[in-house]
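Labels run A, B, C and D following the written order; every chain starts at residue 1.
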Amino acid sequence: MQEHILSILIFFPALAAMLGFVVHKDSARAYGITVAAIEFFLSLWLWHLYDPMTSGMQFMEMAPLIPVFGINYLVGIDGISLFIIILATFFTLIGIASLTETRRVKDMIITLLFLEMTMIGVFAALDAIVFYVFWELSLVPMLYIIGAWGGPLRIYASVKFFLYTFTGSLVMLVGMLFMAYFYYQATGQWSFSLLEWYRLILPVNFQMWLFAAFFLGFAIKVPMFPFHTWLPYAHGQAPTIGSVILAAILLKMGTYAFVRFSLPLFPDASVAFMFPIAILAVIMIVYAAMVAYAQEDIKQVVAYSSVSHMGVIILGIFALNVEGISGSVFLMIGHGVVSGALFLLVGVLYDRRHTKLISEFGGIASVMPRYATIFGIMMMASVGLPLTINFVGEFLSLLGFYKQSHAYTLVAGTAIIVGAIYMLSAYKKVFFGTVTKEENKNLKDVNRTELLGLIPLVIVAIWLGVYPKPVLEPINNSVEAIVQLMHDKAQTPEAQKRIPNLAETGTMNSAQEAH
Amino acid sequence: MELTLNHYLVLSTILFAIGLIGVMRRKNLLMLFFATEILLNAVNIGFAAISHYRGDYTGQMFAFFIIAIAASEVAVGLGLLIVWYKRTGKIDLDQMTSMRG
Amino acid sequence: MEIYLYIALFAPLVGSLFAGLFGASPKTVITGIVTSGLLFTSFISSAILLSFVMSGHTVHVEMMTWMAAGDLYIPFGFVVDQVSVTMMMVVSIVSTVVHIYSIGYMDHDKGFNRFFSYLSAFVFSMMVLVMSDNFLGLFIGWEGVGLCSWLLIGFWYHKESATWAANEAFIMNRIADLAMLIGIFMMYWSLGSLQYDVVFANIGNIPVEVVTWIGIFLFIGAMGKSAQFPLHTWLADAMEGPTPVSALIHAATMVTAGVYLVVRANPIYDLIPEVGLFIASLGAFVAMFAATMALVNRDMKRIIAYSTLSQLGYMFVAAGLGAYWVALFHLMAHAFFKALLFLGAGNVMHAMHDELDPFKMGGLKKSMKWTWILMTLASVALAGIYPLAGFFSKDLILEVAFVEQHYILYTVLLLTAGLTAFYSFRLVALIFHGNERHLEHGIHPHEAYNFVLFAMAPLGILAVIAGMAFKTPYYEMVTQLLPAIEYHIHNHTVFWIMTIGTQLFVILAIAYAYKKYAKAVKVDEKVESGFFYQLLYNQYFIPKIYDEVFSKPYLKLSKLAWKEIDLKIVDATVDGIANVIYRTGEKTHTMQDGNLSSMLRWMVIGLVVLLVLAVAFTAGYNVVNLRAM
Amino acid sequence: MFEAVAFYLFATLTIIMFTITVMTSQALYALTAMAAGMIFISAFFFILGADFLGAIQIIVYTGAVMALYAFGMMFFDTTRTLVEKRSNPRLVVVLGGLAAVLVVLIVLAPIVTTNINAHYPIDPSVGNSQAIGMVLFTKYLVPFELAAVMLLVAMIAGIVLAGKKMDKSLTLMADEEIALMHASSTQNTEEGAH
């Protein structure tokens, strides 16, 4: 069973979703929780089995699909994907457990389980075609969630979400096919295996084009400025659970793919595009924060804050050193937990008042003290306070990029200022002051179902802020392997200078072991 | 003045163009079939000529099959045409608008 | 000894969590008592550590790994050395007193339990700040105190002004924190570590420009937390919080963190005297600047806040000039008497039903005798009259400026000393002397609880004796770590002239304040409408300028970014592309009119187009190939 | 020389005949002109030495196909003048001409004439029909059989569609009519059984 654990993880939710059709709709919820819990414990077991000191891929499985073209079902995980997978199972569990949706619950749960399969598939896939298939499949359940349970503008939002991301990924597919063709020309064999592709050293001008093709697909998913406009609509219209999964996991696919594809495949192009991308990232950070400050809808504030934080993640990835990339990957987890929690929290308020307008609230802290406390903790985590999960990631990301450029980091660092501005002012408007609206006077504080979802998130947010080592260490080891690979493949002197050579300085793993 | 392959190809092209004009010009379905026959024959000349100048039978083979296809096309086409005529009493293209998008 | 370290550090955290458990429940005195008790434990542990450190040892522990990525390794490490133990003592003493005081002060408040939770959390953060053995650990505490300050300033969250002030404080501190982070980044990439000992040992090996930048960025961080110009406006606004908070956070401990940072980073600042001089100049400027604002203000707590600001300026002068131990000494002395002053003000506020305008008070010495005594004592100490604490610490700073031959700084500080004496006693005179103006407002004041006064007593005693009794042992202890420079004016005549002159100047200022305000208050219309009065009264219009130059344009720009750029440009472009495709479809669907003849025509058109492309491509291909040949 | 003269003669004739086919408004003229054109085309095949193809051309086209068309025309009664609505006739000519010019350009381009090798070279010692047979029944056997099947299917289709019951058509009758007809025929057979 251990050698097939990844396949079980991927396909168990899908099978369960199929079975879910025959489950009675009154017990659908219990069924969903059970399945998601089993899946979550499976992923924890995966973590338990995972060897943190190995930097390469583990639990690899291979089955030929179209052997003529080298397309195989090839899956495996390393420290980078492991925790995102756990995050995905965790959020599916939390999402189903604290589901407050009452319309067509059974359909929702089946959709969520199907979505879980696609998410895990994306993060476990090591074959470009398998990756692509899961990547695109993940759009379908999300489209359905937004389109079927969304707000009044749901059709527009869901179509926009689908077409936008789909367009980007088509360009990415072209890039993949070309990459495979190039591999064929170089070796005389077809292969879509990432691990095989890693061995290729591409000419620099090829790298540029391929990088651009992949970039478009990933950037729209992230979403990077100026491709971000689908996100506010999707979040604005999606039901709570949709926003939670979207913000916590689906956005991470883009940044994850940068680490998995763009960096190791095209090291020279990554260096060449570092500053243009850094400019985009900095614009994302500051601009999205400003836009968030201007929002009148509390959910949009959180949505734009996601964009802003994703900017930091991008910046950290393109720091191209271990500190930055590790920080980014950690921040992916952190941002997933925090923004997921914030969307859940906004959902709590929405369930009670059926409005998300900030002006409708005020003084909520005195009516819902527990809610205000949890929101406060999550807000502080979002702002990046030390000893919360986001700080570790944000600090490392910025620290990493500081090595590459001082000025950009200084501007990007304003994230901690502008982030505080929009978050605190939104918090103040919603929670502080006196209760002005009559409807708000008798709001009920968070109930047990909601706490079931929120408390674990609070615990994780603080636990990983205080003691990130169990997560950071495997990530770090895997990232070191990637950085070393990039350095070895780098051809231009610029790239060789920018990407540190870990083997030479002999620092791999030494830092921790020394202590 | 030696005949070259190009002479035949140009002839073939000219005939093909005449066929094309016919295809576009005719509104009567039966006449349209005539025009398609011209197209097919124009191509046949080209194949036969290439076969001759390249010293390869493949071209003739193609021409041969094209003739076979043309024959069956006429058989089926005329059958359909008759059915249509019985149904509507007309074989005018402009009135066949059931495929309006 | 490690056990004491952990007790001193974690006792407040335990207290905070304990009180937090009762956060949503109605008031229970037990939370106040337990947290106070735990803080007292922390104080005892600190005292034990002090005696241990006095004997020449230090304690250094590494609890566990925090962050490790790449070459970066940051543990939760704590160090108790001469500097941090001083800070620990200050923090634990003042916070214990403030906790006990708060049991009385917050007696009628709904958020009693919450308050103690926050307050203890603050003490924990402060302890982390001072005990950490690396810069990032310090940063944890640094942000932690910022968070608690936000929570406590906005404690009465239904008040708009309080929440506004809380956010202002947090955001302004964040600006400075960014600079500090940059300083930390710089340090890491040039030195490879953030541990104090490693950094200080190797700081001399890196280019001096880098050190200069590190120094500047760290100091900008310090400026935010210590409310130095131009990041000072939050401190006065922070007085919206409960008074014990002002006493603990915005007078005694948190705002002095900036000074602590400079003192702690003394090996860095020793290498860059120009930056040090800048720090000193800014300090002197702020000392004067804040004192002038305190002269005319009509808000009791704001006056004391400006006084704090002014005293922080003094500390930075000392730190900037390299007299680190003097700065730390003034920090300590100031913590005692300023906390006392605030707590006294809290008593007055309670008695006056939260009235803050001293012009509406008067003659309170009858009904509030002990408060009067304690506040006068604190004011005397603040003014620097022999033999109270202020004399030994503040005058020492004057001497430092003189000895280092920065006569301009000296003059500024001397003048400020006069101003300090004046506004302190203006306040005392207005509140405790003269007519009982508050009777007009129907207020009948009463003295605070006895245990509150008892709690304040230690601070009173310390305000008196701290300078005299502690100076020598403190000097001997702390100079084991900090540069031991004795500041003595060798010429005895000059020394005596200066000392006595300063004392006389200060006493004159006090006398003038009494004369002007102790009897009846005459409001001089002419003066009040004058330019300078208005300038000072409006805090040099700086809050207004910030509002106009930063806050409002930022909001406008944000709205612009959203409504104009995001919706009308970025999003509209995307929709535009989609619309073009959609409209093309709309327009061209007439092609599919079902007419076979026209379809055939389209087919031929398509064929022609493809042929054109083929010809063009072939031609282009040939041209390129021919050229290549 | 003889070939050139023949080529130009037949080329002119073919073009004239096909132009008439395309342009005339008399269906009968069109049919006749096309039949003539087909025969002229077979002349090219003979010139090119593809005797078998020429023979086939005459048999299949001029014989079978033309006969079919003639039947069709009799059925449609199109001996009278055709009335056809024309829209934008100039475009038609321009497009046709343009296509011709472009194809000629491509044909004349040197790229076509390179890189072609003969798979089944013509052997002058063997007669054309014999050689065709050799190729057709070896390499092209399967396509040949397929073509045969296709012709068969087409024939059956033609018969079914246009054939037997010229007055009734299964494809055109409403469902109930078919059912009625079906019922009556079964009734007949049952009666016959009695």
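We take it that a residue touches a chain if its C-beta (ideal position, glycine included) is under 8 Å from a C-beta of that chain, and two chains touch if they have at least 3 such contacts.
Just so it is clear, the model here is predicted, and its values are computed rather than measured.
Relative to the centroid of every protein C-alpha atom shown, the closest chain centre, again from C-alpha atoms, is found for A. Computed centre separation for the pair subunit A/subunit D is 64 angstrom, with centres defined by C-alpha atoms. Subunit A and subunit C have Cα centroids lying 36 Å from one another.
With centres set at the average Cα position, the gap from subunit B to subunit C is 91 Å. Measuring from the averaged C-alpha position of subunit A to that of subunit B gives a distance of 60 Å. Within subunit C, contacts with two or more other chains are made by residues 601, 604. Under the contact definition stated at the top, not a single residue of subunit A touches 2 or more other chains. Under the contact definition stated at the top, the residues of subunit D that touch 2 or more other chains are 92, 95-96, 99, 103.
By the definition given earlier, chain contacts exist for A-C, B-C, B-D, C-D.
Contact residues on subunit D toward subunit C in their complex (touch as defined above): 91-92, 95-96, 98-99, 102-103, 105-106, 109, 111.
In the complex of the two chains, the subunit C residues touching subunit B come out as 589, 591-597, 600-601, 604. Only residues 160, 163-164, 225-226, 228-230, 287, 290-291, 293-295, 321-323, 326-327, 330, 363, 365-366, 369-370, 373, 380, 385-387, 391-392, 395-396, 398-400, 402-403, 406, 409-410, 413-414, 416-417, 420-421, 424-425, 428, 431-434, 466-469, 472-473, 475-476, 479-480, 505, 507, 511-512, 514-515 of subunit A touch subunit C when the two sit together in their complex.
Note for the complex: subunit B touches subunit C at residues 20, 23-24, 27, 93-94, 96-101.
If you check the complex, the residues on subunit C that touch subunit A are 23-24, 62, 64-73, 75, 136, 139-140, 143-144, 147, 150, 154, 157-158, 160, 163-164, 166-167, 170-171, 174-175, 177-178, 181-182, 184-186, 188-189, 554-555, 557-559, 561-563, 565-566, 570-571, 573-574, 578.
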